[in-house]
Amino acid sequence: MAPDGASVHPTSVVSQDANLGPGVTVGPFCVIHANVTVGEGSYVDSHSVLGAPTAEFYASPADYEPPPCRIGARTVIRSHCVVYAGVEIENEFSCGHHVTIREGSQIGEGVRIGTLSDLQGYLTIGRFARLHSNVFVAQRSTVDEFAWLFPYVVLGNDPHPPSDTCTLGPTIRRFAVVGAGATIFPAVDIGEGAVVGAMSLVRDDVPARSVVFGVPAKVVGDTADIRCHEGRLERVYPWWTHFRRGYPEGVLPDPGESSDDA
Amino acid sequence: MAPDGASVHPTSVVSQDANLGPGVTVGPFCVIHANVTVGEGSYVDSHSVLGAPTAEFYASPADYEPPPCRIGARTVIRSHCVVYAGVEIENEFSCGHHVTIREGSQIGEGVRIGTLSDLQGYLTIGRFARLHSNVFVAQRSTVDEFAWLFPYVVLGNDPHPPSDTCTLGPTIRRFAVVGAGATIFPAVDIGEGAVVGAMSLVRDDVPARSVVFGVPAKVVGDTADIRCHEGRLERVYPWWTHFRRGYPEGVLPDPGESSDDA
Amino acid sequence: MAPDGASVHPTSVVSQDANLGPGVTVGPFCVIHANVTVGEGSYVDSHSVLGAPTAEFYASPADYEPPPCRIGARTVIRSHCVVYAGVEIENEFSCGHHVTIREGSQIGEGVRIGTLSDLQGYLTIGRFARLHSNVFVAQRSTVDEFAWLFPYVVLGNDPHPPSDTCTLGPTIRRFAVVGAGATIFPAVDIGEGAVVGAMSLVRDDVPARSVVFGVPAKVVGDTADIRCHEGRLERVYPWWTHFRRGYPEGVLPDPGESSDDA
């Protein structure tokens, strides 16, 4: 139940068996199901659903027992989002509008997910990863900490669809960057700090700190060789040598480490 | 009106002229307009709109008479969906979240449509077809029974946009598979059991049981030659020889028929 | 406050400090925040949010003062849309469902935006421009009057993401046409009346009235040379010589002007 400190808009439908921490704000027209926990100081904006039922519910509603949905402290869930039962989200998470996060998703501290992204569940997103708008993440994908997926990236998990004999999603390693509209094949490993160009189709593993591009993608260079278009930066990658907006103090490597570490 | 057996959340706004069968469950914050019928045992989850008005309404609201919206039995409409007036959906249909289905759509038995898909209306989806997340289907498209469209597939209908002289969508034949991110040009015919590779741009008809790939797509082989990545399957296509999850008994061909039939 | 002439569904939550003109219709389950103005005769359909708070709100709610959100007369905002504080939209605008328009967007008269489109803010859309379904417009983009963006077009703004040293979106000039699934790189200029083929990746400026195609895109011809597939049109581009549906009388060039003007 909501303690005194939570503020729930009177139009919202909140289960007696949901647990809202102090300072949680729930906007109008939300639905919060049983077995949902939201940590202190979080915002759940209007028209969102937390603890949405999994497919088991529709198959056998009488027997359905919702797995827990645990959302950390100081998170921001913007309007029209759907977070399923069986999701775990750490503190300082935020997301855009119309986001869907299905059961079995494990989402780390400080992750940000853009509007319209669709996380299919049974996946892991490491802390401080950034998924931009309209990213699709198939089941059994792994996105490591500090990775970036730009708009309309698709992570697939079926090598010869439809099948269910050997499905596994890609792994996107830490600090890697996947450009807008790229599609990554099942089980592909995008190495640490690698860069995938926009609209590439990646069928093979990408070595750490390589740049790939094309349909299908090929290695076209090394991230150390990418130059800033307008000459304002000495070095573009690793991006954390110059871009640190939105990260808490101390979580990114020291800018001076770039030569040896990533 | 809802018979005794229907369960409508008290927050929802349901027209007196809607017709909900026994055992229908309507979640919170739904809007169900006049002239909508929902068959027995269906779920309409929260924040959905059934019977949404067509463009004629806004042009002349006083004269507007909503065409019927008929949704079959044992369907599942997940949250935040919009189904227009003038849509017909058969039994055992289910869809994800944030789906839009516009007027003039005819959708067969047992069809599944993924989250964020956008069906523009005046189109036909055959029984047991599967549209994954975020698929766009232009007006006057035809998707035959048992076809598969994977995430971010776009079916276009205008050969030199914008125009309205010769618009016609593609036809996707039975058992065909269109990979993630592929775009199919207007009036293109994707043959029975054909496979379109991910991120292909298909401008020409694809023969039955061919594999096409590329931007623009070219024939690169025959589906009979595709081998399983990990050797767990003797034969990958036709997919129904090994993949039968989610289909009722008896609707797919017998696995033994594969050599002659598809 | 709503004057007598506005019709607000009793379930909707409308701020005392919102201003709804005569004949405005607000559907069920909407949220209209303070400092929002909606012009006469407009429709705001169900589950929409107008004046959604910017990021500043979450950082410091006590100090937040919403910038004005001004929506013109005779507009149609369909269901499940989110329009932020700090947006200006002119008369006769209309949009589909699940559209997001963030702060700093300036949208001209008669613009139409399709279902699921995501406008990231600090951008300009000229009058009578048409954005189809699922278009992504990055911050600091410019779409001129009468331009067309087809489904799944992405306008990017970061030449080596993530960075914030030299971000600028593309400029799409008047009468230009960007085909489905095309991605346009930051700061690229798509010239007046140019045509970008479907699924192209455009990294360089496109001259007026040129046709580009490919990943990456190259100039493949002149719009004057494009012929109608089925021979029903003498000349396909400029499109306004034959396609005038949905434009008010007098706003498009006279069809006879085509040889010299565009």
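First chain written, first letter: the chains are A, B and C, and each begins at residue 1.
Heads up, the rule we're going with is that a contact is a pair of C-beta atoms (placed from the backbone, for glycine too) under 8 Å apart; a residue touches a chain by one contact, two chains touch by 3 or more.
Nothing here was measured: the structure is a model prediction, and the numbers come from that model.
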Copies subunit A and subunit B touch via same or different residues, half shared test: different
Angular offset of subunit B relative to subunit C [C-alpha, multiple of 5 degrees]: 120
Centre-of-Cα separation between subunit B and subunit A, whole angstrom: 27
Multi-chain contact sites of subunit A, meaning residues that touch two or more partners: 11, 29, 47, 80, 98, 116, 134, 152, 181, 199, 215
Subunit A to subunit C touching residues, read off their complex: 9, 11, 27-29, 43, 45-47, 76, 78-80, 94, 96-98, 115-116, 130, 133-134, 148, 150-152, 177, 179-181, 198-199, 214-215, 226, 228-230, 232-233, 236-237, 239, 242-243, 245
Touch list for subunit A against partner subunit B, complex: 11, 13, 29, 31, 47, 49, 52, 58, 80, 82, 98, 100, 116, 118, 120, 134, 136, 152, 154, 156, 159-166, 181, 183, 185, 199, 201, 215
